[in-house]
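As written, the chain order gives the labels A, B, C, D, E and F, with residue 1 at the start of each chain.
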Amino acid sequence: MWIYEKKLQYPVKVDTCNPALAAMLLEQFGGADGELSAGIRYLTQRWTMPTDRAKGLLTDIGTEELAHWEIIGTLAWKLVKDASEEEIKGTPFEAHYVNHGKSPFPHDAAGVPWTAAYIQSKGDPIADLHEDMAAEQKARTTYEWLINISDDPGVIDTLRFLREREIVHFQRFGEALMIVQEDLDSRKFY
Amino acid sequence: MWIYEKKLQYPVKVDTCNPALAAMLLEQFGGADGELSAGIRYLTQRWTMPTDRAKGLLTDIGTEELAHWEIIGTLAWKLVKDASEEEIKGTPFEAHYVNHGKSPFPHDAAGVPWTAAYIQSKGDPIADLHEDMAAEQKARTTYEWLINISDDPGVIDTLRFLREREIVHFQRFGEALMIVQEDLDSRKFY
Amino acid sequence: MWIYEKKLQYPVKVDTCNPALAAMLLEQFGGADGELSAGIRYLTQRWTMPTDRAKGLLTDIGTEELAHWEIIGTLAWKLVKDASEEEIKGTPFEAHYVNHGKSPFPHDAAGVPWTAAYIQSKGDPIADLHEDMAAEQKARTTYEWLINISDDPGVIDTLRFLREREIVHFQRFGEALMIVQEDLDSRKFY
Amino acid sequence: MWIYEKKLQYPVKVDTCNPALAAMLLEQFGGADGELSAGIRYLTQRWTMPTDRAKGLLTDIGTEELAHWEIIGTLAWKLVKDASEEEIKGTPFEAHYVNHGKSPFPHDAAGVPWTAAYIQSKGDPIADLHEDMAAEQKARTTYEWLINISDDPGVIDTLRFLREREIVHFQRFGEALMIVQEDLDSRKFY
Amino acid sequence: MWIYEKKLQYPVKVDTCNPALAAMLLEQFGGADGELSAGIRYLTQRWTMPTDRAKGLLTDIGTEELAHWEIIGTLAWKLVKDASEEEIKGTPFEAHYVNHGKSPFPHDAAGVPWTAAYIQSKGDPIADLHEDMAAEQKARTTYEWLINISDDPGVIDTLRFLREREIVHFQRFGEALMIVQEDLDSRKFY
Amino acid sequence: MWIYEKKLQYPVKVDTCNPALAAMLLEQFGGADGELSAGIRYLTQRWTMPTDRAKGLLTDIGTEELAHWEIIGTLAWKLVKDASEEEIKGTPFEAHYVNHGKSPFPHDAAGVPWTAAYIQSKGDPIADLHEDMAAEQKARTTYEWLINISDDPGVIDTLRFLREREIVHFQRFGEALMIVQEDLDSRKFY
C-alpha cells in the first residue's frame, strides 16, 4: 500500500501561460511511453519476479514514476490554469478543453486515451526486464522531443530532471537483468 | 508523491487454486469499474477541485484505491501461482496465460486492456463528484457480481471488505458534493 | 422500435462557415459525454430496470438523445458544407477531412472514434441511475466548454437549448433514483 | 427526430435459458457487423448523400436497424434473465456477468466494446453505398454463423427474419448505388 | 513468404519540407482506409477463399498494398526529414513529433493508432469480396481528399498513381466476385 | 517493395482438429507480441535508422516476420478447417467463429483486435533497438506459453522453430545496437 506525502518530488516552476505546450506535455501524462505507462507497468510486473530484490526495485521505481506522473500533471495544469478561452482557441489544447476543461487527462498529445496495450507483463522476468529497459529508453526519447519544442525555462528544467531519472532507471534495470539472468542461468534459455 | 509501505491494506487469504476465478477477478484489476479506474480517476481530478478539502479527499481515496488494486492483483496471483498448465487449459484464464503467463495484467475479465476511456475528468467539480459517486456504485456492483460467482471463502472475505470500502467512499463523495455545491452556489448553474 | 419524423427537435441556424468550430462540436457527436453516448447508454440499460416507469423514462430520454445527436450532426455539417479546401487547411478539421470529407463522424474533437467503453450498464438500477445522473452533469459541462469557445450566435443558441435539456434529464433521473430506491429498500444495500 | 413505438418489429420467442448463447448473440448487439454498427453507420452517412431519395433510404434502413438492435438485446436478455449464478459459471457469459450482470451491453461475443472504427462515412456517396452493401453482406454472414451454433427454435426463427432483412437492405443499397452513379455520372470518376 | 526487392514500386519525389502535409499523409499509413488496412485485410482473407485464383488475387493485391504502404511512409518521411523543430511547432505534426520524432507511425492523420477493427474477414467469400470492393472505394476517396489539400507537385503525382491503382483493384475484385458467385451459385444464398 | 514466393518459410503439419488451440494460437497472429506486431514494428522503424546496415537488418527481419505471420495463420486455419459447429461450440473459438467463421483474424487469444499501440517507433535508433530486443524476448515468451498448452506434435514442432528464430533475431538486434551505439557515441547520451 502507499502513503501520500504532500509534496512534489521535484519543484515545478512554470514561466508562461502556454496551452499548446500543455497539450504536448500530456504525452507524458497519458501517452505510450509516459509516466502512467511506467508506473502501472512496473507495479504490475512485481508478482512474477523471482527475487525480493527485483520485486523491491520494481516497487521503488514504479512508485517514483507515480510521483513523476504527478509532476507532469502539475506542469500541464500550471501552463493552462490562467488561460482565457481566447488563448486556448486555435491551439492544440482546444480539443482537450471542450472535453476536459483545464483538467489534465491521461491521453497523449494527440488526445488518444491511455491504454494498457502500451505496456506488457509477460510472467517471464527476462522478458519483463528487457521491456523495462526499452521503456526507459523510450521515455528518455520522449523527454528529448519535448525539450526540443519547449521554450519555457522552468518547464525545460523539470523535463531535464525527469529525463535524467529515466537514464538512472535504465541502468538499474540493466543491473537487475544481469542478476536475474545469473540466478536463472542453470534452468532457462533466452 | 507517494511512499510505499510494504504491507497490504487488508490480508489476502486464498483457499484454492482456481484459474477461472483469477480470470474473473481481473475485472477489478483492469476492468471498467475496477480499482485502477478508481485510482487514476480520482488522482487526475485533483487539480481543478475548488477547495483543499476536496483535493485532499480525492488524494486520500485515490491513494487507497491503489492499495485495493494491489490487493486484487495479489488475489489473482495467489489463485494461479501453483496451477499447472493442465489446470489452466479449458478455463477462461487460458487466453490470459498465453499472453501474460501467470502475471496479473490490467485488462478486464474478458481480456480487454484497460483504457482511460473508462474514466472522466471534466474540469468541473460538480460533474466530477457525480462521476465519482457513480463510479463507487458501479464498483460496488462489480463486487456483488464477483461475490456471487466466488466460492472461495478467503476470496469472498476480501471482496466483502473491498465492497464495504466503496460504500464508504460513495458517502464521502456525497458529502463533498454538498460542500462544493454550497461553495459554488452563488456563481454556477447545475 | 422507432419511427422517424422528418424534422429536427430544435431548429438549427448557423451563421458562419467555420470548420474549426465544426471539429470541436463533433465532441458531442462522438465524444465521451456526447449525445451518442447518452442515447446508447440509456437504451441499453432498459432491460434490467425494475419498474415500467423507469424503463419508460430511459426509453424517452434515450430516444430524445438520438434527436440531439442528429441536431449536433446537422450543426457540424452546416458549419463546413460550403467550406473550400483552402478554408479547411490549417484548421483542426483538416485531419477529419482527409478521412471523412465533410461528413460528420462519431469521433470526438480530437478524432478518437466513439467507443462503448465510455458508457456503462451494470444490471443494477441504483448504479445505472447514478451513472445516468453523472452522464448528464458531464454532458452539461461539455456544452459549457463548447459555448465558451463558440462565437456563432446560431450555434450558441442551439447549444444552450441542448444544455438545458441535460439539466432537465438530470432532474428526472434524480427523481427516478428516489423512486427505485424506495422500491428496492427492503431487499438491497447501497 | 424519432418517436418510440412500444413494440418490437418482430416477436421474440426464446425457448431456453442459455447464457452461452446469449453471449454469442451479443455479437450482433455490439460487434463489428452488428445492428448498432448498421444503425449508426447509415444515420451518419445521410448529410453528404446527393439526393433526397438516398437520404431517405439511409434514414429508413438506419431506423430499422435500431429496431433490430432492440430485438437482439431482447433475445440476449430473455436467454439469461432467469439464469442462476451456477448456470452462468463456466459459460462464456461469465466474464460479461461480472461486469454487466444480466444487462445486454454493446460489445461483441468476445467482450470487446463497440467502436466507431467498425464503420465508415467518407463524404463520398459511391464509397458509402459500397460500404453499406458490404456491411449487409457481413451482417448476413454473422447471422448464418449464429444460426449454425443455435439450437433454440425461437432464437433461430428470429435470426432468420433478421438475416432476410439484411438481404433486402443489400438489394436496396444496390439500387441506390445505380441511381446515384447515374446522377453523378457526368462529373465524377469512380 | 515474401522477398524484399530494394526499390519502391513508384518513384517518390517531394518538392517541399512540409510537416503539416506529412501529418495528413499518415492517414494512408495507419488510417482506417489506408494501405496497411488494405494489405492486412487481403492477406488475412486468403485461407477461406474457395478457388486458387481468388487466393492468388488476394495475395497479389495484398502484397502490392504493402509496397504502397512503403511509398506513403517514404513520402511522409521526406516531407519532414529536414524540418527544424521551429518548422514543426504549431503544425499538426507536433503531437506526432513528441511521441515518434520524425519516424512515420501507423496512426491516422489525427494520431489514432491503427486497429484491426478497421478491417474484416468473415470466412465467407461473397462478404469478403464486397468488403474489398468497398475498401478500394474508400481508399480512392481518401486519396482524393489528400490530393485536394496537397500543393506539392511531387506528392500529388504519387497520390494520383496510388489512386489509380485502387480503381484497378476495385475492378479486379468485382471480376473475382462474379467468378466466385458463379462458382458458389448452386449451394449458397446471398 | 515485396515479391511473394508461393511457399511457407517452414512446413506446417497439424495432427488434430482443435478449435481451442486455434483460438490460442491467434495470440501470435494478432496479439501484443505476435508476428504482426513484429513485422509492422521493424518495417516502420527503418526510415530513421542511421546506417544502411541497420535499415537492412530491420527490412530483413521485418520481412521474415511477415512469413511467420503467414505460418501462424496457416496453423490456426488447419486446426479448424474441418471442425463441425458441434466441435466449435463450447470452445474459446466459438466467439471468433460467430464473427469471422473459420478465417484467421488479427486479434489476440481473447479476441481483442490488433492495435498499433502494441508497437513503437521513436525516431531514436537506440530506443528503437531496445524496443526490438524486448519485442523478441516477449515473443519468445509467448511461444513458450503456447508450447506449454499445446499437445499437437506438428504444432509444437512449428512453434519451436518460430521460438528459435526469435532468439536469433534478439541476438542480431543486440549486435546492431552495439554498432549503432559506437556510431553515435560522440554526439549522443543514452
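Keep this in mind: a residue touches a chain if its C-beta (ideal position, glycine included) is under 8 Å from a C-beta of that chain, and two chains touch if they have at least 3 such contacts.
All values reported here derive from a predicted model rather than from experimental measurement.
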Minimum number of chain-to-chain contact steps, chain B to chain E: 2
Proportion of interface numbers common to chain B and chain C (over half same, under half different): same
Most distant chain from chain A, judged by the mean position of its C-alpha atoms: D
Separation of chain D from chain F, taking each centre as the mean of its C-alpha atoms, in whole Å: 33
Inter-chain centre distance, chain A versus chain F - centres from mean C-alpha coordinates, in Å: 27
Computed distance of Cα centres, chain F from chain E, in Å: 21
Set of chain A residues in contact with two or more other chains: 32-33, 92, 99, 101, 107, 110-113, 115, 117, 120, 122-124, 141-142, 145
Contact graph of the chains (line, ring, star, complete, other): other
Pairs of chains found to touch, sorted by chain label: A-B, A-C, A-E, A-F, B-C, B-D, B-F, C-D, C-E, D-E, D-F, E-F
In the complex, chain E residues that touch chain A: 85, 88-90, 92, 94-99, 101, 107, 110-113
For the chain C and chain A complex, residues of the former touching the latter: 20, 23-24, 27, 31-33, 92, 108-112, 141-142, 145-146, 148-149
Contact set on chain A toward chain F in their complex: 32-33, 115, 117-118, 120, 122-124, 126-127, 130-131, 133-134, 137-138, 140-142, 144-145, 167, 189-190
In the complex, chain D residues that touch chain C: 1-9, 30, 36, 40, 43-45, 47-48, 59-60, 63, 66-67, 70, 73-74, 77, 81, 99-107, 113-117, 119-124
